[in-house]
Amino acid sequence: MTTPAIETTNLTRRFGDFVAVDAITLSVARGEVFGFLGANGAGKTTAIRMLIGLLAPSDGEATVAGANVRTDPATVRRRIGYMSQRFSLYDDLTVRENVELYGTIYGLSRAEIRSRMTELLERIQLTASRDTLVRQLPLGWKQQLALMVALLHRPEVVFLDEPTGGVDPITRRRFWELIYATAAEGTTVLVTTHYLDEAEYCDRLSIMVDGRIAAMGTPAEVRAQVGVSTLDEVFLTLTRAVAAP
Amino acid sequence: MSAFRGLVRKETLHLLRDRQTLAILFLLPVVSVLLFGFAVRTDVRAIPIVVVDVAPDAATRALIARFAQSEQFQLHGTLRSEATLDALFQAGTVRQAIVLPTETDRRLVRGERVVVGLITDASDPNTGRVMEGYAGALLRRWHAERAGVAPSGGVSLLTRMRFNPTLESVNLFVPGLIALILTIVAAMMTAISITREKERGTMELLLVSPLRPSAVVLGKVAPYVVLGMANMLTVLLAARGVFGVPMRGHPLVLLGASLLYVIASLGLGILISTKAETERTAIMAALAGLLLPTLMLSGFIFPLEAMPRPLWAISHLIPARWFLTIVRGVMVKGAGLADLWRELAILAAMSVALLGIGIRRLAIRLP
Amino acid sequence: MKLRTIGALMRKEVLQVFRDPPTLVQVLAIPLIQLVVLANAATFDTGATRLLVRDDDRTPASAAMVAELVGSGEFTVVGTAVAPAHIEAVLRRREAAAVLQIPAGFAAAVARGEPTAVQLQINAEEGAVAGLIQQAALAIVERQAGAPSTLEVRQQGWFNPTRRYKDWMVPGILVSLTTIIGLLLTAQSITREKELGTLEQLNVTPVTKGEFITAKLLPFWGIAMGIFTVGLIVSKVVFAIPTVGAVPIVFLAAMVYLSVALGIGLWISTVTQTQQQAMFVAFFVLLIFLLMSGLFTPLEAMPDWAQAVAHANPVMHFVGLMRAVLVRGAGLAEVGPTIVGLGIAGAAVLGLAVMQTRKTLE
């Protein structure tokens, strides 16, 4: 029996009096595409930051890729990939230089970096632009490149924080194809989004409202739980339920 | 005009919210005044000196006692030979040495010639000259007392140090400090903050507003005028309160000149921001283009008259040079409009030109 | 500490600097401009003092006194005969730097051997300059009018017999320019990545704090050493500064010193959030360090407490070391302890920077 890729128990983060993430408990199986939904400010990014070791939890436990985020963040970092909301590769380096930098940081050999780079750049059809400064790439390509860099070292789990923010529908589609391909290789994907149509692509998803998980399961299960026929309605019902009283 | 007010408010909030920067902006003037007043001085004192006395007698002991009592010197001891002098000077342990002859007392009493060696570390020529002056004067007084003659014949020189009788360095530096701080606040801060908004794209947002571009720029820089003047007053009050720096002329002339200087600095800051694409570039350009010239070519530390001709000519283009002349004139020398109208006119022309060009350039480049 | 990781991060840092032409130009140009301008501007030697003469005696003796002052080359007469009321205005408007008054009856008093005095009023606005004018005038008047004395003071100025001010200032200026550029560059380097968001990406990788700081330090250390080397060559070739002591000692000391200066820059960068803040903190630190370094004003002029505080100032130690080795010819025996002290300070500051580095958000 394999351990889950991500497992949290009552994971909580407080900022002063404000509870950004309120005792969330979830489990993500290996190879799953897990969606993290919620309105802006619902606590998605804070939760992710705790899972990748950027932010210490105030309470609760979390294990990612077999390592405890609180006691062994170094191991967690080695085994995961991360793509942040903000594009965060080096603008003034070329595609190749960025890939080489991160490849080396993750301890890949030169030969591995070379073969991985060829493979990943082909996958996003960026091979011809490998010596272009990242600054000069269109946003959609930049985002795809960031995803590839996050996957460079074949992480066990990859965290994507709103990877499709601000890109056109065609690129978004491409993105999801890439995400599926990644999951097919056995990498667990945790992705946050506020596009509800994207949530349908996930194996399972959770909807966060005000720091809590309001619903969790496969898209069909979530719709059934709330008793409506589309995720749009799920979302509206859940957020209104909290806002109303 | 309410849109303009909103802009000023936004910029003020930016300033007030960044507590760390604000704290530095108010700490910087006060700490520098205290530093300049207490620590950064040009008067030489407690010179470490050693006396080489091969044959001690009553006269040499009297001389050594004089050095030991003097505040200008710190007697490091007496030596019997010159053998270790080199090492002492090299290590910087002593800066000056007196080498006395044999039979000093007997020669003095008999009215014979006494040759005293005075070795000075002249690696810093200015301090060296001052140290030679102090030691020479002390030697002459000692000689006069032992040999019983008047120190220097019939003619003496009476010097009167006008405007600054005690040669307080703080009187010299405070005006320079005011210029420096106004440059930092008005020019550097605006250059950086406008470039920052350009880099982040928020400037475009402001420029699509119904306000005229020039109004946008003015609204952005207005709070820095207030901040700059507040800083200047802080420096002035600290300098007066702690060190009693004089204010012999009319304070209004000083305030007027400061306002002109702030405007000129704002203009320079805006000009830099039209050229700089990134914050890093703006910071470096402000450093090279504003701060260093203000420090080096304005007469702040080193006198203008001492500069070689080409630099002296360049110094005329630097607003700080004119501002400094005015501030020193008003504070230290009690000068008024009659003495300073030329400098004021030049500064006014510079400020109008710089601000005008700055706003025009920025307004053309941005939309 | 993985050397490959450090190497990759350093390569990134170097590529970034060299791909940003404005920064590159400034990194190279600012120090050179500063060196050339400051080396020429940093002097108190105002040349001949502009003197206004009010001679109420009008005798050959009073004329001889004036001639002696002018003949020394230290004074030049820009005008004569001013009404007493105008003297102050003349000084205030800087039309003359000093006014010499010779009283009526001067010649007669000298002839009778009676004591008499001439008066020199100096614009003391710039105290250091006024002091030098006074020293010069005193020496001339005493030489010219003093009674023959049996005291002979034989003056020797060691280390700088020609009294070139550049010999003294240029080594110090070199220190200041290397420090300014190195400290500002490092102070910005980490905050810039914080603001751009690239630091967050690095923070989720296995890069350790030590690797991160080392990779930030070494490229800027190399740049600063390069600037120092070029500056030293320019100082020697253009300004003909003395190199009495061993130049390798200066290089060794520079290598150690820069670890302190840049370590302080990195430390500032770890504790600030924006480049603007980093720049102001760095500027504040630089101002205090440079002013209290003995670079522009003599250390001896500082009160004892300030001299004690100045011992914590790395710039003071390195400026002193440069001058000791280059001008006075001091060797390792004299400056060795300073180098060791700087090394300890460097290790401490860099350790602090590593400790302050946060891989997590607050």
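Labels A, B and C are assigned to the chains in the order they are written; within every chain, residues are numbered from 1.
Criterion: contacts are C-beta pairs under 8 Å (C-beta built on N, C-alpha and C of every residue); 3 or more make two chains touch, one makes a residue touch a chain.
Here the structure is a predicted model, which is why all the values come from computation and not from measurement.
Chemist: What graph shape do the protein chains here make by touch: line, ring, star, complete or other?
Modeler: Graph shape, chains as nodes and touching pairs as edges: a line.
Chemist: With respect to inter-chain C-beta contacts, which pair, B-C or A-C, contains the greater number?
Modeler: Greater number of contacting C-beta pairs: B-C.
Chemist: Rounded to the nearest whole Å, what is the centre-to-centre distance of subunit A and subunit C, using the mean of the C-alpha atoms as each centre?
Modeler: 54
Chemist: Starting from the mean Cα coordinates of subunit B and subunit C, work out the distance between those two points in Å.
Modeler: Subunit B and subunit C have C-alpha centres separated by 12 Å.
Chemist: Where does subunit C touch two or more other chains at once, residue-wise?
Modeler: Residues 20.
Chemist: Two or more other chains touching the same residue: where does that happen in subunit B?
Modeler: Correct list: empty.
Chemist: Give every residue of subunit C touching subunit A within the complex, in rising order.
Modeler: Residues 2, 4-5, 7-9, 11-12, 15-16, 19-20, 196-198, 200-207, 359-361.
Chemist: Which residues of subunit A touch subunit C in the complex?
Modeler: Within the complex, subunit A contacts subunit C at residues 49, 52-56, 73-74, 77-78, 80, 82, 84, 86-93, 97, 100-102, 104-107, 133.
Chemist: Any idea which subunit B residues touch subunit C in the complex?
Modeler: The contact residues of subunit B facing subunit C are 18, 20-21, 24-25, 27-28, 31-32, 35-36, 38-48, 87, 89-92, 95, 108, 111-130, 132-133, 136, 139-140, 143, 147, 149-150, 152-165, 167-169, 171-172, 184, 192-193, 196, 276-281, 283-285, 287-288, 292, 296-297, 301-303, 305-308, 311, 325, 328-329, 332-335, 339.
Chemist: Residue numbers of subunit C touching subunit B in their complex, please.
Modeler: Of all residues in subunit C, those touching subunit B are 20, 22-23, 26-27, 29-30, 33-34, 37-38, 40-47, 65, 88-89, 91-94, 97, 109-110, 113-132, 134-135, 137-139, 141-142, 144-147, 149-161, 163-165, 167-168, 180, 184, 188, 192, 272-277, 279-281, 283-284, 287-288, 291-292, 296-298, 300-303, 306, 309-310, 320, 323-324, 327-331, 334.
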